[in-house]
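Can you read through this structure? Questions will come right after.
In this document, chain identifiers A, B, C and D correspond to the written order of the chains, with residue numbering beginning at 1 in each.
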Amino acid sequence: MSAATLDVAWARRFVTLATETVVEHRVELSELDREIGDGDHGENLARGFTAVAAAVDGSSAETVGGVLKLVATTLMSTVGGAAGPLYGTAFLRAAKVSDAPEIDAEGVHTLLDAGLEGIVARGKANVGDKTMVDAWTPAVAAAQSSAASGASPAEVLRAAADAAQQGAVDTDPLVALKGRASYLGERSVGHRDPGAASSALLLDAAARAAQA
Amino acid sequence: MSAATLDVAWARRFVTLATETVVEHRVELSELDREIGDGDHGENLARGFTAVAAAVDGSSAETVGGVLKLVATTLMSTVGGAAGPLYGTAFLRAAKVSDAPEIDAEGVHTLLDAGLEGIVARGKANVGDKTMVDAWTPAVAAAQSSAASGASPAEVLRAAADAAQQGAVDTDPLVALKGRASYLGERSVGHRDPGAASSALLLDAAARAAQA
Amino acid sequence: MKKLINDPSTVTQEAVEGFVAAHEDIVVQLDGLVVARKGGAVQGKVGLVSGGGSGHEPLHAGFVGVGMLDAAVPGAMFTSPTPDPILVATKAADGGAGVLHIVKNYTGDVLNFETAAELADAEDIEVATVVVNDDVAVEDSLYTAGRRGVAGTVLVEKIAGVAAERGDDLQAVLAVAQKVNAQVRSMGVALTACTVPHAGKPSFDLAEDEIEIGIGIHGEPGRRRIPLASADEITDLLLDPVVEDLGLSGGENVLLLVNGMGGTPASELSIVYRHARKQLEARGVTVARSLVGNYVTSLEMQGASVTVLVLDDELTALYDAPVRTAALRWEL
Amino acid sequence: MKKLINDPSTVTQEAVEGFVAAHEDIVVQLDGLVVARKGGAVQGKVGLVSGGGSGHEPLHAGFVGVGMLDAAVPGAMFTSPTPDPILVATKAADGGAGVLHIVKNYTGDVLNFETAAELADAEDIEVATVVVNDDVAVEDSLYTAGRRGVAGTVLVEKIAGVAAERGDDLQAVLAVAQKVNAQVRSMGVALTACTVPHAGKPSFDLAEDEIEIGIGIHGEPGRRRIPLASADEITDLLLDPVVEDLGLSGGENVLLLVNGMGGTPASELSIVYRHARKQLEARGVTVARSLVGNYVTSLEMQGASVTVLVLDDELTALYDAPVRTAALRWEL
């Protein structure tokens, strides 16, 4: 049975697992980006999360929000490209609503919702534009109903991660309207959005961190 | 039975056949040059002889030497590279000793000898340096003994052409000491010198022109 | 992948170090790989900062110097730089009269420069931003991230650079930059893809008889793929949309820039220039200024872009004014 | 073969036309594709003429202008020009003080310039000739056609050009040119071969993991083939023989030229420059002047060459003096 709250240990485990998964899927993410972008998404995130892992390792952050803020600023200053400011803002907003030693199931939903808001505020993409928003939007919706139904934080994250993964898969048939892939128009159809794919990986890491 | 002398008609037929053979072997000659040089020998000669054919066609030259002089100046001004001045000088020297309406067997030898002298004067290559000199030298020797043995001009040219062809083949195992192939040193071994190969083709055209 | 590199992860750093050493009379290197004008910010002059992913050299570091940029921020290969070094560059360029950010229109560049501008604002440096978007290959800018910034960027940097040099204030320099951006259009073609070092394989796949029309400068695929055609035909495919988009009707004076993508022989650029010029002249357009060479590249990509800038007296004079950078240099 | 061309047989002509049109403020085109300085020969000045096969752009036409060449003679692709256009160029360059022929040491170039010099002599134009042979890749010059002329040619043209400009007579200009040639050495590497348009296929075959050390600029194979190595290792393989041949022992001032073969990204040239400079400095050699870029190319070949010129006060001053050509330009 999973715990009723998540604490800073979860946030630190998340960083470890996120870094692992991003590094592991580096080539795959870049390959997705090569097909409809410029082929650097995996490299960008691997560089960023490697720096994040080192930063979090050396920090004495004691709240979930403290860790997430470090994730945000480190991503902002190491990733570059579109994903750097987008993920950076997402984690910054998430950090703001989670500056507590423990967060509960509804807190997880609030955190994810803040992250999505950050991405939208920065990137101004709509649902269906074939971006990471298409992974985060169903993830937040799933987290909301899961939390409302009384699930544990781990269950909320699992629901969010699964929805994000489905959201990423669902970008395949879309025509991109934002980001580099939009230059391809119809030719972007049939390819998965790399940012949606990496978002699903990150949320999966968050869910696995909660299960441990 | 072949004629005792060659006249301007022979020189004109030679130009026609030489142009044909050079154009036909354009790719092959450039390929030889690609292996141990810069890959332009066939192109250079095709460009040159196409111009030669047009020039001779439009000229009223009435002696063997007159035709050969036009060949010389046209090659000089259209071929470029190493082969342009070398063949140009060869034909110029040959023209000087053949400024007559008719030339006999000994005249053929004299003509070829003058050509070889021109090549050597200009390029300063020795026998065995893996250049066109290695085709011309045995050709001149063969022409000399053939003429001395009382052969017809056509037979002299055939002997020269066959010796040139053998000379070209015999450049295969040589290490180049002159021209672009010399930069390869030992690595030039096992390749035929393109200039020797084209010289054999030209002498074969001269021999065929005499048979007609 | 065959490259003259030591390690994909050190390419950008070593390249910047080498570049700065080779041009030590013109530039210095600051923290975070920033390349700045030697001698520091010019007091009272509007500072010009540009930047973006590496791999487009000489853009941008090659255009740092008198008459153009005060600082350039090279990101990782084909990846826009993060806000930190952009802030370093902005501070280095600030001579008290504000700083103009010249940003190519890519989501990553726009977002990172935006953040840096906020950070600069927090340090009381006034920042104005011009977003360059000259690439007509992007047709429906309503349904995309908008037109991209490509080779026209060089002309924005050159002309705004001189406006700053002659003492224009920030709003005036911005206005000149916007005017250039409004009057410049480009379109490119790729014959081959390029290979980003850490990717290790070509950014896209092109068959031996295919070319990509409307290519971006990051190896992003373009408008469409067509069979290889003659240089004149390809030039028409690049020039026509540019001329159309600018609405050239004859009588205009223009600057014609034929830009190489990095792996194109100079002779081929001359062949493209020759035809583009002929076609412009046939439409009654006067080619008053010309630039032919590698200015905004995509690593070793073979291909070219055609850029047309509509000139007036002001832009012509600013373009002609002295410039002293590693990649563009003249005094008269 | 993917090229921005119309027809292999018109490449050189169209490229020259385009080049001249793009640089009409500096050059004019004469008969036989000759490119000459705008305004004609300078009376009383020694004229400088160079030429050779096309495909090495910007060499030589890109170096026609004030402070360098008076005329350039582009031959067919990789094929030295014939005597006729060399004579045209020689006449165009003659201001009554004689003409210096700057000839790269290839049998074809030497023979055709030789003939042209004889023809010029017949027209009472005094011609002196410097044969440039800076390529140390050719080891046993006794057993070959001798060392080849490669990237060092640009420095001979630049420095002799200024000597002529300042009024030196023909023998003095020749002496300066010979001095530069005596003190400059180069060596190059190819990562890929190039394709001559009319040949339609690469000039040599290199495996995906092989490079050719000591490559010539016509796609002639080099000293030896080795497996692909790091940029620093390759740079050492190019620089060491150059340093050795020059007998550098420390304390010298040198000019370091890192030349791209046409298809090499600028960033890679900077990486090569960075290491070459470090290595020279580690030997106590001062890199007083630097040039990094595409100056003597082999079409779209990927690769680079490293050139070192030992400077003294005279050569430094001549190198620094103003030059105004399409490809090299500075005033101060």
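Simple rule for what comes next: a residue touches a chain if its C-beta (ideal position, glycine included) is under 8 Å from a C-beta of that chain, and two chains touch if they have at least 3 such contacts.
Not measured: the values here are computed from a predicted model.
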Q) Most remote chain relative to chain A, going by C-alpha centroids? A) B
Q. What is the distance, in whole Å, between the centres of chain A and chain C, each centre taken as the mean of its C-alpha atoms?
A. 33
Q) Just how far, in Å, is the C-alpha centre of chain B from the one of chain A? A) 76
Q: Would you kindly tell me how far, in whole Å, the mean C-alpha position of chain D lies from that of chain C?
A: 29
Q: Check the chains against each other and report every pair that touches.
A: A-C, B-D, C-D
Q | chain A-touching residues of chain C, taken from the complex the two chains share | A | 53, 75-84, 106-108, 111-112, 114-115, 137-140, 143-145, 148, 196, 198-199, 201, 203-204, 216, 218-222
Q) Where on chain D is chain C touching in the complex? A) 2-7, 11-12, 14-19, 21-23, 54-55, 57-58, 62, 191-192, 208, 211, 228, 230-232, 234, 258, 262-275, 277, 290-292, 294, 297, 299-300, 302-304, 329-332
Q: Could you pull out which chain B residues touch chain D in their complex?
A: 30, 34, 36-40, 43-44, 47, 76-86, 88, 122-123, 176-180, 182-185, 187
